[in-house]
Structure formats: C-alpha cells, structure tokens
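Alright, structures below, take your time with them.
Presented sequentially are two complexes of chain A, the first with chain B as partner and the second with chain C.
And now, the complex of A and B:
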C-alpha cells in the first residue's frame, strides 16, 4: 500500500471516530432535551388543570353572589341545577373553557346529593388530574348553607 | 507534467478541504436548527404566559397587571392569539386588544361585565409602547381617562392640541367630541399605525365610530354601539371595528347563557315565595323574571336595539333587586 493511501485511510478513520463521538454526543443531547420536554409537558398539563379548576370555581353560572358581590368557594344550588342542562345543551361552547374534564358536585351535609355539571371525557389521554375543592352549597330558596365537595377531573392527550 | 508527489499533496489538501467543508456544514445546520427551536420555544413560552394571563383574567376582576415578557410581536385576532408562526385558537375568548402588541411588557386590565349581574369578565391587553391620545372635556372622557391604567402611554387633552410624532409603533385617538383634522406630523406614518375612535354617548350606552388613517385624512371603518363603561373601554383597546364587534358578540353569547340560569333561578324563587305566602317577594320575582326574559331575548344578537332593551331591563332589574333587599327577600343576583 502506498504512503498516500495510508494517510487517507488514517484521515478517514479519524473522521469516522470524530463523527461517531459527535453522534454519541448528539444522541445524549436529544435524550436530555426529550426528558426536559416530558417534564415541561407534565407541568403544562398541571397548569392547564389548575386553570380549568379556577375557571369552574369562578363561573358566574354557579357562583353565589349577594347584590352582585361574589362569595368565594360557594355554589348556588338553584343555579347549579339549571347550569347542568345549559352546559349540556352548549357542550361545544363549554368545551372551549373546560376541555376534556368531568365536573361534579357532591353534597355531604345536610343530605347527600350529587350533581354532574359537565362531562366530556376521552379514552385517549396521557395524563389525568383530580382536584377536590371543599365548597359551601347555598340554597337561596331555603336560605340555608350545606357543605360539599367540588370534584374536577381533567384529562389531557 | 505534474509529478506523483505533487499530485499526492494536492489530493491531500483537496480531501482536507472537502472534509472540513462537511464538518462546517454539519455544525452550521445544527446551529440553524437550534436557533429555530430556541425561537419557537420562546414564542411558545410567551403564548403559554398569555394563556395563564387569560385564565387569571377570567377569575379576577378590577385588576391591572404589568407583565414582563420576552420581546415579541403578539398578534391578536378574533379568537386567536399568535406570535410568529405559533398560534392558539380561543373560539369564545373575550379579549379587547390592538391587532399588534409590541415590546417586552404587556399591560392587562380586567373588569366585570354586569347587566346588572356579572355575566363575564372582560380582559383588555395592550402595550406601553402604544400611544393613546384622549381628547374631550365631558364627564365620560374624564372617567375613561381615570379608568385606563396610569402605566399606559396616554395623554389627556380637553381640546385638540398640536400632535407631535414621538415614534410610537401605533397611535390611537380617543375622541369624545368632533373628529379632529388629521395631524400633519403623523402624515408620513403607515396607514395601519394610526387609528381613531369617536364616542357619542354616556357611561351607560352610546355609539362608537371607528376610523383609520388613509394618507392625510381619516377613513370611516364602521359604526357600532357600546353598553356600559366596560364595553366602551373595549372599543378603545380594540383598534378595528371587526375585532370590537366579534368580542361584543362573544360577550352577548355569554350573557345569554348566564341570563338563562338567572331566569330559571328567579322562577324557582318565585315558586318558593308563593308556596311560603311571601306575596311581596313573589311580586318582585315576577317583575324581575319579565326583565330577565327581556335581557335573554335581547342578548341573542349584538346590535343597537338590543343594547337599548338590555339597558332598560338592567335598570329595572337593579331596582327590583333593591326592593327585594328592602323587604328581606332572597336577592335576585
């Protein structure tokens, strides 16, 4: 073999090793980025879940008010009863606000009762979050307060 | 004739040149790709912040925030927010904002839209780099000036002053009296950068006329109506007739849904009052139900006639609620 051919062979070998190292580095970098993206995706899902929960808590469709002054963590039962059918009739409108989620209110005191406010689920989800919020349930007809739990289950693809 | 040794050396250099070029090309491609990824990531971060702002706005009222964002150009359309190539659809979004928000700061303001019960929260967003020139001497002009955040680049004049160009990316005139002659100093600016809104009415209702610069004069772009101060502020922040109408249509859709619930609630309160022989209360609820049904019918479409109907019914409803309070009945809203 001639000297020049050996030199070219050496150069190709060096380049080959160089590119192998680059590829290993690149694969490592991609994996790190991928894991960061997964963490970010999870954080984003959590953030959206919190957002949906907040939106439900402050919906004028269910919130208690006294002379237009909002009462925090309070759900008006009379509003809630009709909001169920309004939300069902306008499912597409509320999907923009609540996405894939299931919202229900469970009264635990004085009597047990359950209202399903909104339900649009998907089987094809990658993450699921459940938020339970203790709420006061106000019945304006009797002017009595009960106690219940607002359960918000959010699903993300 | 080139000898064998010289040919070997030349070939070696040629080989090194090709290999070097391949390596440089490889790294250049990586750097360009990484730059694109980084830019898209920044845009996505800003969009994510916008989503958080929109969510925050829907749960808090009467707040003003100044938010630091990476320097970017945010395009706001009807039901769509986009930054560069990244965009997100919000079909029922109520966001009154100029078509373009520029800079590294975002000013947001939230107010409740009540007729007289809260139907939704209205979000306003703008840039501190956008110049607002308010001209008017009546009470509504003063009130609007007070209602707009002090962090905005706003100027308030009782009569038309001599306007100078202070290099803002957009200028919005808010006129409460007659339309002014187009300022000479702004004639060289692009047509899309200067707009005006002329307001006729009080803090309950009125009309808004939208104007856009065309050469050295104002070109009318459409006339619409407003209901309440919140809606009027919307006409100031949204710089096009189309954006304003679209957002108001969304406000009315929301009002319609919330009114349905209030009407049904009032019906149940009335039944309950009749059962428990609270005759006075049942009368208030019956009157309120008439007003709520009127608001329900009028909220089906955003137009001047419906605004008049809603304003009248809202006033009557507020007095029925007051009566209910005086006679210790459960309040209507």
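And now, the complex of A and C:
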C-alpha cells in the first residue's frame, strides 16, 4: 500500500470518529432541550393551576357578600346550590375560565355535605394537580358559618 | 504528543458533559404551587375555623368559645362539655378530616401564655413551617390562636 493511501485511510477514520462524536453530542443536546421543555411545561401547568384555583376562590357566583361587601374565603350555600345548575347550563363559558378541571365543595363541620360545582375532565392529560382550600360555608338562612373544603382538581394535556 | 492532544480533548469533553448534566439535565421544576397552597392553607384554615359556629353549643362561634375558655369558662354545651373541651373536640374533628387526611403535620395552639396553652393539638414542626397567628381580644389581655403547618 502506498503512503498516500494510508493517509487517506487515516483521514477517513478520523472523520468517522469526528462525525460519531458530533452525532452523540447532538443526541445529548436534543435530550437536554427536551427535558428543559418538559420542566418549563410542568412549571407553566403549575402556574395555570394556581390561576384557576384563584379564579374559583373569587367566583362571584358563589362568593359571600353582606350589604354588597364581599367576604373573602367564604362560599354562600344558597348561591352554591343555584350556581351548580348555572354552570352546567353554560359549560362552554365556564370552560374558558376553568379549562379541564373538577371543582367540588365538601362541608366538614357541622354536618357532612358535598356539592359538585364544575366537572369537565379529560383522560388524555399529562399533569394533574389537586388543590384543597379551606373555606367558610355561610348559610344566609341561619347567618352561621360552617367549615368546608374547596377541592380543585386541574388537568393539563 | 498526539496522544496528549487527544487526552486534553477528552478531558474537556468530560468537563463540559459534567457541567451540562449538573446544571441542565438534573434541574428540577420549581414548585410554584407549594408556596401558594401552604400560605393559603395556614391562614384560611385558622380564619375559617374561628368563624365556624358550634352546632351543640348555642351556635356560638369558635372565637366566642375560645374567649370564654380563656376567661370564666361559664359556657356549658349540650353534651355537658365546657367551652375549652368542646373547642378542642371540634378542632380535632376538623383537623382529622383535613390536615391528617392529607398527611400534613401541624401544631395548633390556643393560648394567653405560650408556656401553658389552653388547647394543643398536633406535634411541633422540626424544620420548615408555615405559621399563622390570630389574636383574639379578651377582657384582661389578648389570647392567641396559632397554626403551624410543617413542610
């Protein structure tokens, strides 16, 4: 074999190794970028979940008020019962606000009771968050407060 | 000499890989929800609890029962419990169905003097905690209710 042929062989071998390294580097880079996108997607889903929870906590359809003054962290039981049917009838409007989520209110004290406020779920979700918020359940008929839990389950594709 | 060059290149690639793995691949998502949930939980839990009306005690609120508990203890509820005992049993009932159910450690205290609390539920937090103190006015001084949620 001539010297020139050996050098060509060497160059091809070096180029082969070089391209293998480039491919490995590229695959690694793509995986890193993919994992970063997943992390950002997860963080964004969390922020959206917090946003939906806050929207529900301050929903005028169920919020307590006395002399037109809104009471924070309080749900009016009478409003809640009516809001259930209103939200069912206007599902598309509430989907814009609450997306894929399940909202229910559970009275813990004095007696156990449960209301399902909104439910639109999907089986095709990638992240799911459940937020429990203690709320006061106001009965305008007796003017007394009970202890309840507002459970907000949010699902994201 | 060529081998030395190759060794340097490999070392540089290794350093770069370790750097990328440490800062990019092992990066965990920031838990934005945790801050929101724990801050809402401690304050809402206490606010809501204090407003709640006791069904077997003339519909008095927990705040009113605690005020009596720290002073005369003149209120006797339908089940013959005094205000302190009744408040403690309601608190136990509520926390069992909420914080205990969600596997959250907590400490609930109602006191005028922190060294001798009138009501004490749960265990003290060993590390990080979210705390909420709510003052309640009484004739002689001020009493406090405090809820620590651990983690």
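Following the convention adopted for this analysis, the second predicted complex is superposed on the first by the 148 of 157 C-alpha atoms of A that agree within 3 Å, B and C clash if a C-alpha of one lies under 4 Å from a C-alpha of the other, contacts with A are read in each partner's own complex, and residues count from 1 in each chain.
Here is the rule we use: contacts are C-beta pairs under 8 Å (C-beta built on N, C-alpha and C of every residue); 3 or more make two chains touch, one makes a residue touch a chain.
Keep in mind that this is a model prediction, so the values were computed, not measured.
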Using the superposition on chain A, tell me whether chain B and chain C clash or fit. fit
Please indicate which partner A:8 is in contact with in the superposed arrangement: first for chain B, second for chain C, both, or neither. first
Now for A:66: first (chain B), second (chain C), both, or neither, which partner does it touch? first
Looking at A:47, would you say it contacts chain B, chain C, both, or neither? Reply first, second, both or neither. both
If we overlay the two complexes on their shared chain A, which of chain B and chain C does A:113 touch? Say first, second, both or neither. neither
Looking at A:149, would you say it contacts chain B, chain C, both, or neither? Reply first, second, both or neither. second
In the superposed arrangement, does A:96 touch chain B (first), chain C (second), both or neither? first
Inter-centroid angle chain B-chain A-chain C after superposition on A [Cα, multiple of 10°]: 110
Figure out whether A:55 sits in contact with chain B (first) or chain C (second), or with both, or with neither. first
Tell me the contact category for A:23 with respect to chain B and chain C: first, second, both or neither. neither
Note down the smallest distance between any C-alpha of chain B and any C-alpha of chain C in the overlay, whole angstrom. 12
Both chain B and chain C touch chain A; at which residues? 47, 142
Which residues of chain A touch chain C in the complex? 21, 28, 31-32, 35-36, 39, 42-43, 46-47, 49-50, 53, 73, 108-111, 129, 131-136, 142, 144-149
Give every residue of chain C touching chain A within the complex, in rising order. 13, 17, 20, 24-25, 27-33, 36-37, 40-41, 44-45, 47-49, 51-55, 59, 61, 90, 93-94, 97-98, 102
Show me the residue ranges of chain A that touch chain B in the complex, using the header's touch definition. 3-4, 7-8, 11, 15, 18, 22, 44, 47-48, 51, 54-55, 57-58, 60-61, 65-68, 70, 76, 78-79, 81-83, 86, 90, 93, 96-97, 140-143
In their shared complex, chain A is touched by residues of chain B numbered 8, 11-12, 15-16, 19, 23, 26, 48, 51-52, 55-56, 58-59, 90-92, 114, 116-120, 253, 257-258, 260-262, 264-265, 268-269, 272, 321, 325, 330-331, 333
